Amino acid sequence: MGRRILQSPLTVLGIFLVAMIIILAIFAPWIAPRDPLEVNLGQKLLPPSSEHWFGTDEVGRDILSRIIFGTRISLKIGLMVVLISFPIGTILGAIAGYVGGMVDQVIMRLTDIFLSFPGIILSMSIAAALGPSIENVLLALAITWWPWYTRIVRSSVLSIKSSEFIESAKAIGANPFRILFKEIIPNAIAPASIQASLDLGFVILAAAGLSFIGLGAQPPSPEWGAMLSSSREILRDAWWAATFPGLAILLTVLGFNLLGDGMRDLLDPKNR
Amino acid sequence: MDALRYTVKRILLMIPILIGISILTFFISNTIPGDPARLAAGPYADAKVIEELQEKMGLNDPVYVQYFNYMKNLLQGDLGNSNYSHQPVMEDIKQYFPATLELTFFSMFITILIGIPLGVISASKKDKVADQFARVMALIGVAMPAFWLGIIFLLFFYLKLGVLPGSGRLDTGLAPPETITGMYTIDALLTGNWTVFKSAVIHLILPGITQAAVTIGMITRMTRSSMLEVLRSDYIRTAFAKGGSEKRVLYGHALRNGMMPIMTLLGMTFGHSLGGSVLVESVFSWPGLGKYAVNAITYLDFPAVMAVTILIAVLFILVNLIIDILYQVVDPRLNYD
Amino acid sequence: MALLEVKDLKQHFTIKKGFLGEKKKVKAVDGVSFHIEQGETLGIVGESGCGKSSLGRTILQLIKPTSGDIFFGGKNITHLPRKEMKELRKDMQIVFQDPYASLNPRSTVRAILETPLIVHGVGNRQERRKVVEGLIDKIGIRKDQLDRFPHEFSGGQRQRIGIARALTLNPKLIIADEPVSALDVSVQSQVLNLMVDLQKELNLSYMFISHDLSVVQHISDRVAVMYLGKIVEIADVEELYRNPLHPYTKALLTAVPIPDPTKKRDRIILQGDLPSPINPPTGCAFHTRCPVATPECKEESPELREKAMGHWASCIHVHHEQSEKTKINIS
């Protein structure tokens, strides 16, 4: 199995990117050359050099250090949103698929409502209503994200709930709770967990977008979207201030996507 | 017959969803911290004025009464007044909406133009260099933060090369064409105003491509995988065996049959573009709904934010409804359950 | 007293067809009565779609019967409260057809075998361990294989694990739903012999469902033949194979190859396909394919009658006390 992962260079790249981001996030204070918040007006708007690899911003902060510390914020948002929405979505989807009938109808119409808002729009209005902060963006994204898992899990539950091993559990006398959590969910969770690993990237992307329009992290936080947002005012003088934070977002999202794709191919070789 | 029934059923099924959307948006509006009456009365109003306003705005009514009033207004197209522009939000939307629609259509046009052929090539040259290249491009496109790509385009094509405009819908000094659809390119064509048309198209290029970058990735991947599915089928092998030219088989037979999932994805793409407009429009100062919403957020103008939210959701549902119905009409093999 | 007695059992499913959901009834099991004695094996034979699997699942109440009664050990179990039903499940278990679908792919063999004990709160950890290890010893799987997952075993091994799972709670009755038809022929006899040995050792009763007449002949004491939700013939195994009365049974039996080439018999080829259980034919459901059908067969539903000692059949053309040589009269 391990060998098959390594056969795909893209998956290897994904693993490498994700590993790098995790290492940067954990060891940020030791890896980053400077304090990400340290203002040094004497060194503002410096282009990339051996001193400042990614240059400095409008108040002389080291952009490389800010990006390195930014991995912590992005990873935290990605993980938290997925960790909140994945279990909620999974349990609701499993209940909908297993119980069926009215319960299924109610849950699925609820997901329809949430999914009838395109991408960023619903989380934008929720975050706007809650007020701009990282925590609120996190909450807003979690509120809008769970229905995806509900749908995926429900459809895999439907495909396994008539399996003979489920019938066997019933014949043994196992209660519905046990059947759901011990027999159904462990077998229905694989496709949704692949989606979750892809989503880590997409959540980070969405959170950066919300920060970009002023809803998430507030300055001087070294959040990538917020950094991009403030770089617009110095675009004419400092291309580096806009370029590197965006590259960081791109590589992070790409890393999680490649990893998720690799996992999917592994589980479904037909897609290769 | 069944297709007609299906259509009716789908339209009826939309009603609870629309009600659900209105409840959700009402709920969000009500969680907004701060007192709308105080906001409306201004910072210097005294307590009495605010109290009267609260009464007048129905803020003391029970929640369900407030919801019914909200619904009543919504159905009459009354989305409230903007706290910022001080005019009905509906008026603002009428002004900004065509710009967003124009951008969305343009970016979908680019998406289809590039994404579908790229997907077909990728599938037909599976695992060859062209396929690898297309797949990597698609992967990057999907992972791309559009707002960043927009900034990079601005840096390069506007600031550095100066070949393309970086903001707005027309060159300064040009008067917009007579309003027919509100979409400048179409209005300029209809009125035969060539200069304005050219300027409008040029202004669409950067935001349009930025917007399309992500959706091209999505469409390419979808086209590739549904083409691969079709290409594996026996009748395509037969078509090749009968000596059909590759191009004819690919675009004539295979693509037509792989079109179904792609159509669904186009609906999603439309929604994605509408959503993405929030970010892209604010990068390019494109005076559409997205920019309007972002401004509204900055000025804590919630009626405007909510109006944009509802409008985009309703549009998204409508587009998906149309696509689903087309899907059913075109493909009679599907089951209508 | 019979261990299991089933009286006029019906299992009707409603299915929605078409977009506005015109409801149709499928009579999967339509008025079935029989009994099984302690230590006895009743074979249930029929083509796929005849309702034999639904019958098994209805008896276990994995699906609630539409009507009719099921008696187990003399007690009517059709409308038991949840708690008593759960208790009863210890006494009747099921072995499924597909050894690849009937074991949870994400559980180890140990967990699969331990689950019934946990569900019924049997013993503590050590005692359960002992039970599980005792069981696998019976079915010929080694202790060191216990922590493997189902996909690491062959089809025959998996089916034996499925049998062990059914045995964990010391049941009295096992419903075996085509337990060997997914296995290679060479493995089939191993599994069948295991079942026979276990039956002797544990005094089990089997309801053995299969479409394979030779397998059923090998293992059964009595055999019931089902056609479109009904039992059309039931008799002791020797009697049924030697002297089939119902034209459907005859047709099924002539389709089985005989090992003795000196014996000749005329094959009866059934006309057409099995009719849909959604719209079963009127009268005798078999008349559309029956070689001896007469106009009355379209009108009259024959009842299951005892035609000879312990030999029941439902056909108006089979008369009482027919001898082995009697031919069916085609009026």
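In this document, chain identifiers A, B and C correspond to the written order of the chains, with residue numbering beginning at 1 in each.
Everything that follows uses one rule, which is that a contact is a pair of C-beta atoms (placed from the backbone, for glycine too) under 8 Å apart; a residue touches a chain by one contact, two chains touch by 3 or more.
All values derive from a computational prediction rather than experimental measurement.
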Most central chain, judged by mean C-alpha position against the global CA mean: A
Is the C-beta contact count larger for A-C or for A-B? A-B
Most remote chain w.r.t. Chain C, using mean C-alpha positions, is B
Centroid of chain B to centroid of chain C, CA atoms only: how many Å? 58
Separation of the C-alpha centres, chain A versus chain C, in whole Å, is 51
Taking the mean of the C-alpha atoms as each chain's centre, how many Å separate chain A from chain B? 22
Which of the residues in chain B come into contact with chain A in the complex? 16-17, 20-21, 24-25, 28-29, 31-33, 136, 139-140, 142-145, 147-149, 151-152, 154-155, 159, 225, 271-272, 274-276, 278-279, 282-283, 293-294, 297-298, 302, 305-306, 308-309, 312-313, 316-317, 320
Which residues of chain C touch chain A in the complex? 57, 60, 62, 85-87, 89-90, 92-94, 96-98, 101-107, 115-116, 119-120, 162, 165, 169
List of chain A residues in touch with chain C within their complex: 163-165, 167-175, 178, 182-183, 186-187
Can you name the residues of chain A that touch chain B in the complex? 10, 109-110, 112-114, 116-122, 124-126, 128-131, 201, 205, 208-209, 212-215, 225, 228, 231-232, 235-236, 239, 242-243, 245-247, 249-250, 253-254, 257-258, 261, 271
